[in-house]
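Every chain is named by a letter (A, B, C, D, E, F, G and H) in the order it is written, and numbering of its residues begins at 1.
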């Protein structure tokens, strides 16, 4: 409950300006209302550590613009994901400071946290076709303050490409592994690191890849114990998780 | 490569005690051998942050004892999981300092890290039948140094049970959510926290629960962006991941 | 058999105006015919409590118009679902009294039961993308006489939004829960109510949501015992069921 | 919040026997505690319309006895489901008034509502092998006060067996249809009724029945709009739902 | 082997017009060639009782025309299935005697057997959307000489519609049941007949119908023992099978 | 309706020995009763061409004996399938004329039709492990009067074994193909015959055979148009279907 | 056809010791018989390069002994797989020269090809639990003459273990990779070799490994183009294939 | 490591032109760099026996051209697969020596190995719709030096078509079998050959073919032990594997 409101009600009661029934009713109403109030004011940012994010997919350009304007009024930083080029252009036209990453299909306006205020995230991807998902993760994590380094096109079909980067990768606080087909890269990275590894299976593949289910099942059954998994193509989720984890590490140096 | 060995070879070569061919051969051999050597000596602990763990499932009691003896010789702390009562008894008989958690099916001998040297982990489970998996996660995480608090039997069929603990849960560095059936608890917890949430679907359920696949799919499709998932009944993996994440946080207070 | 017809035949036989063979033949014919006759005259409405409904999907605009005209001749109220904007416009052009809900993709002409003659239905949905299915349920239920209240965008990623409405929701006779992704909202609502809850999984989601199967499996495995489920995106079915259930309650106040 | 407690706190405050800080603290504590308290005292019964139920599956006989004793102390009626014969015998030995339905694997001690205080439920099953699930539904519904009539062994392989009972079935408030194999009985009954139909797919079948998935999918895709579905073999859920629905009807005659 | 050819070779050998080696070679060649020859000349018709059929799906109009011309040269009757309107028009333009069933997507030129020379087939379908598949079955069966009677739109949501036709249906030699959604119609018909029933699941449905898999599984698990099943939407296969079965019956009256 | 009964009622009415009300009531009762009566007396045999069959699976020996005694009283021939050796022994002990096929797990007492009164059935199986299912089909078909010839162990791994029997197989009226693993035998036989082929996938196999699903899917997708399919391991269904089909052929020679 | 027989028949005909009809009949009979004869005499060995193999699974010890005796009479080498310890003991008791590999569940009597007459096969396995399948492959390949080297327990959770053996592995003609869980080892090995790689997914794993389906799908979707796959746990198939491939290489050095 | 570089470093050290620290650093850098260097220069060709291949699917024409130019500069032969006609035309316009196989969707520029320098590959396909996949396999295998013979349209629905080619097929070193629907052709060919058989399931089919999964499962469960499988529609993989296997055989004749 909102402390100020509660005090006022109680004082009104003590001063006999409110009956017992009125006070009971007020307290009951507040139980619900202040939750909502908190939500609107500080909202998702305070509760979950991330501002609300606009998922472009399945929305009209008008709907996206309208939400962005509301957020802008509240000085909220804005992250919009899965935007079509048309949606992105309209958003960019209205907000000159907008940054558009076409590959990631993401528009950012402002930052949810100081750039590089968080810890270090290594984003590793297997093939060129996995890049849109990897970039979505990178944009999300850096929007939330993480320092992200990219290691792209290092799939297990040529594992030496990964090996030469392992030294740098080991110094990160958390690794994201983005891979389609059989998703074996997550297990290989997991077996070489002593940090959490977030596997992002992608829908890259054909035939029995079943739209990414093969990679998903592969990562879930990883023989490396430090691999966890998010939904297929869910670069956004991996970005959020990696930023949250890296924050824990970042605070230690303060 | 092992630095000391390398120096010796190079000096022998400079002092003409070894021919160019011999040096080249030695360097080549070392490329492979020192990897292996590192593995045996400091091994998994150094590379992955966790010592080797004995998975009891599918092993004979003799095999388990034999591996445990080898580890004991090297003064390695021991974690053995998925033990039958018989396997556990034999292990405990030989190692008097062994601690056996029957519900978790886990035996621990020593600690891989100072007790409570890591950060804070909240382990939340939905129903009584999920306890073996939850306890496996708890034992693993605390073996690796995490401070774990348990919140059991707080499933969404009576969500007020969860709500009253949320204040304490919010102060943890990472949450584990163990749930079978539809696994909705992971989404509810994820929506209330600004920390990473590790979902562990369990095989608890019947009919179309498909041995835990329903809970797994539920958690993977969570509407909360900070939920990642490990394999069905994989309490061990959740324990490892949560300990790794909490370590990042623990170091900050040093 | 139709009692009047049967009496006439028997009297004709007694009065020897019909032979035994003729009577036997007549009775046999009636066995089939009066069933059919009942169907055509009072038909589905009498038998199943709902008039026939026009499913727009997979029909040409001509077919839809033709069926609607036949029903209109019989003074039957008309509900047409899953209409494209083009189908809806043609229907509206011919029947000026038609009401078109674009979001629900539904056209209604008349009412199958007095408005609000039934009981109270609460229609709860998780996210904006679930609205077309939720609205189809609402239109169907109100067409059949139910009093429907809507509670939209109250998904578990921000559970406080649901909580503040629970008081009103509890006063309904039956609740519909429309949710995609993991479908956890059905379990949460089910755990808070002492009324039947009809879960409608939607195809909203991506990756391993498998076109709504994840939400479907989640709802089927709900830990709340008062949750039943209809097919993915089946707002129409949920509307029919909720209206039927609420009728039972409505009659008590007469 | 508990009204009595709240009044006491407020009066203590008004009478200056408690400081403002103490009152605020008390109200905060109550927010959580009275929820829990309500749960224990009136609990599930008040909130969800059904008392807690003991699911025998996966519990030891000792655990079942212990829970039953706790409930008995609180004068709570007891329903225990999925009991092995051994579990049932122990329960019956301790509670002489216990009623054991071996086929249903259910023990009942007392009633959660006056016998036949609810509405009328028709429980229809396809084959002999479906009886344990059907009986579980019957026992649950009647424990919750419903008047249940049984129509067993009326599967569609001989549809005339069902037809002759349709007159009686039509007079019920709600129908439960329990069927394995292809589950077609739910569609047939649904097409003949103007009441809600709860389909319970069973794991009866072989080969491609996939443990009841074929029947489940059949019922979910029913061409009858008034069919909803619960999990495979979930007689308990169907019993709860049917009792809740029939209660709505029962109240009208008061 | 072709008897005439064989006799010629042997006589040439006896008359010493061919060496032993030549005879051996000839016999070996014939083993393969006459099989092939039989195939081309009388071919599939002789071996399998049906001429080759042109599956339009996945073929260009040119390919279809080219095959049809080859068959026409050999005076073969032609059945072309799964034709687009464009493919059908081109075929009809070249062969004036072609008969085009637009709903069935089938063109026929000639007959593979005398019209109505076979036995009686009842083709029963559940809903309007199942008609293309039902018509494909009807066209195929009648092309092969069967006498087909149609019973359309008699799904189990209104089972009385089926019942009144059962008398006529019972007099057929074999029944085809075409149904989507849950496919329950096959079980109902199977339970009422003493003849083989060929179930054709269709891809009609949505959500968990999984493109016809729900209907397929329903029919495979039918509680009626006289139901067999062909692939989803496979009206052609059902037509072939029913014609073959009905031929057995037709011959008896000769 | 039973013609004799109907005549009596009508005559009683004409002779004024029964009132109009009594006649109406009688006719209504008969609608239901004579269906039921027909079922009990001539029953399933008359309606479906096969007597009721006792499925041993899931029944106690007592239940089986009890049903068999009832059938024996009515002079009904008895077929009991899926019997355990114990169930079979008890049945054989009571009915000395019982014939027990241990491999098929079938007991027969009497014949439902004159031996070899039906047409010719070829039962073809791929491997030794498929024999129980093949024998169940053979016993069922011959119980129903078919003349069955067996062609066992002729799987496609050695296709010449099948080829040498094709001459005889071609002379049958219908073929049953029993095969597990990939089920390719059904396609091969289908491509060589101009008769209906009933595919029976078996659960023989391992790994990705998925308990017979691989064979089932193989047969459903057969490139031969004359192959239909029954459920996995459903030898009984194949026996019934083949007997029904062969009857059509058998009658022609009369 | 058997050339000698054919010559005799033709000569008899030329010498008029046989009529034309008799010759035609003989040739027809031979078409079938010599195929069968070839099968029995040189049989599978000649046709497929491997003798018949006894699959113990699903056979009684008597059946196994009986087949082994028949083979022994023909001096055929014997390979029996998937034997229980009991089956193996009985076989060994009768054939003193039998070699029993308990881990592989295989008994061998003699050799199908000279030991090490074939090429070089590398058999690589991921974990200890995969050993029974790996050993079955090794025994089968060496029975067929291959030179097999084993590289066990080199899974990707510690990829350096594999790396140090790659030099030797690269010199083999073909590699077998046996792995459960996510099966990533096949991709890693495939990416490092210029030889064919046969992936054998195993049923080792739990939860969403689905009895080996996760590993199977992983290997099928491998990003390495030289990986092919056999059924889950099919060590026998991998052994046969690797021996066949290595034979091609072995012959070159002759 | 690159031998020349290594020698230079060591000599510089011996001659005291480099300090110990410098040598150690150089060796460490080389560990990574020379791997990478090898990759760029001789690269994939040396390591895996095949040059890098351009997968057109999912790439823009510009990307394809850019990669092709880079490869052309290095005199690398080029294979580009899954090209759209537009992509192919652009490639052909720039490289006059390009050969475009429209059916296979493949462009080749040069050869990765001397034409016909490898062994003999038989490419067998079931139906006309399987040709694009079969041709992709053929082009890939011949690009890598194999001698490929084609046997098209020989599916099991008319098995005599296959039989007459078996003599020639048996003389190949390895067979590729390309088939959709039930994929039975792989088993039939496997049962007739003593060589490895590579099964390529195709997505040809409908209904329960599930996009090629039915054929894939069929081939994986083949009763012939010499059949291995690649992913659905993976003609490229089959081409690579068959070329690798046939090389083993080809070298023997040198």
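Remarks
Definition applied: contacts are C-beta pairs under 8 Å (C-beta built on N, C-alpha and C of every residue); 3 or more make two chains touch, one makes a residue touch a chain.
A quick note: this is a predicted structure, and the numbers were derived from the prediction, not measured.
The chains that touch both chain B and chain E are C, D, G, H. Each chain's centre was taken as the mean of its CA atoms, and the one lying most distant from chain D is H.
One copy, chain A, sits rotated relative to the other, chain H; on C-alpha atoms the angle is 90 degrees to the nearest 5.
Between the Cα centres of chain F and chain H there is a gap of 51 Å. Distance between chain centres (mean CA atoms), chain F to chain G: 39 Å.
In this assembly, the C-alpha centroid of chain D lies 56 Å from the C-alpha centroid of chain G. Averaged Cα coordinates give chain E a centre that lies 25 Å from the centre of chain F.
Across the assembly, chain G contributes residues 47, 158, 191-192, 207-209, 213, 216, 220-221, 224, 231 that each touch 2 or more other chains. Pairwise chain contacts in this structure: A-B, A-C, A-D, A-G, A-H, B-C, B-D, B-G, B-H, C-D, C-E, C-F, D-E, D-F, E-F, E-G, E-H, F-G, F-H, G-H.
Partner chain C is touched in their complex by these residues of chain F: 1, 3, 6-7, 10-11, 13-14, 20, 23-24, 27-28, 31. Within the complex formed with chain C, the residues of chain E that make contact are 128-129, 158, 160-161, 163-164, 167, 204, 206-209.
On the chain E side of its complex with chain H, the touching residues are 31-33, 35-36, 39, 44, 47, 57-59, 201, 203, 211-213, 216, 231-234. By the touch criterion stated above, chain E contacts chain D in their complex at residues 126-127, 155-159, 181-184, 187-188, 190-192, 205, 207-210, 213-215, 217-224.
Chain E makes touch with chain F in their complex at residues 46-50, 53, 119, 173-174, 191-196, 198, 216, 220-221, 224-231, 236-237, 240-241, 244-246, 248-254.
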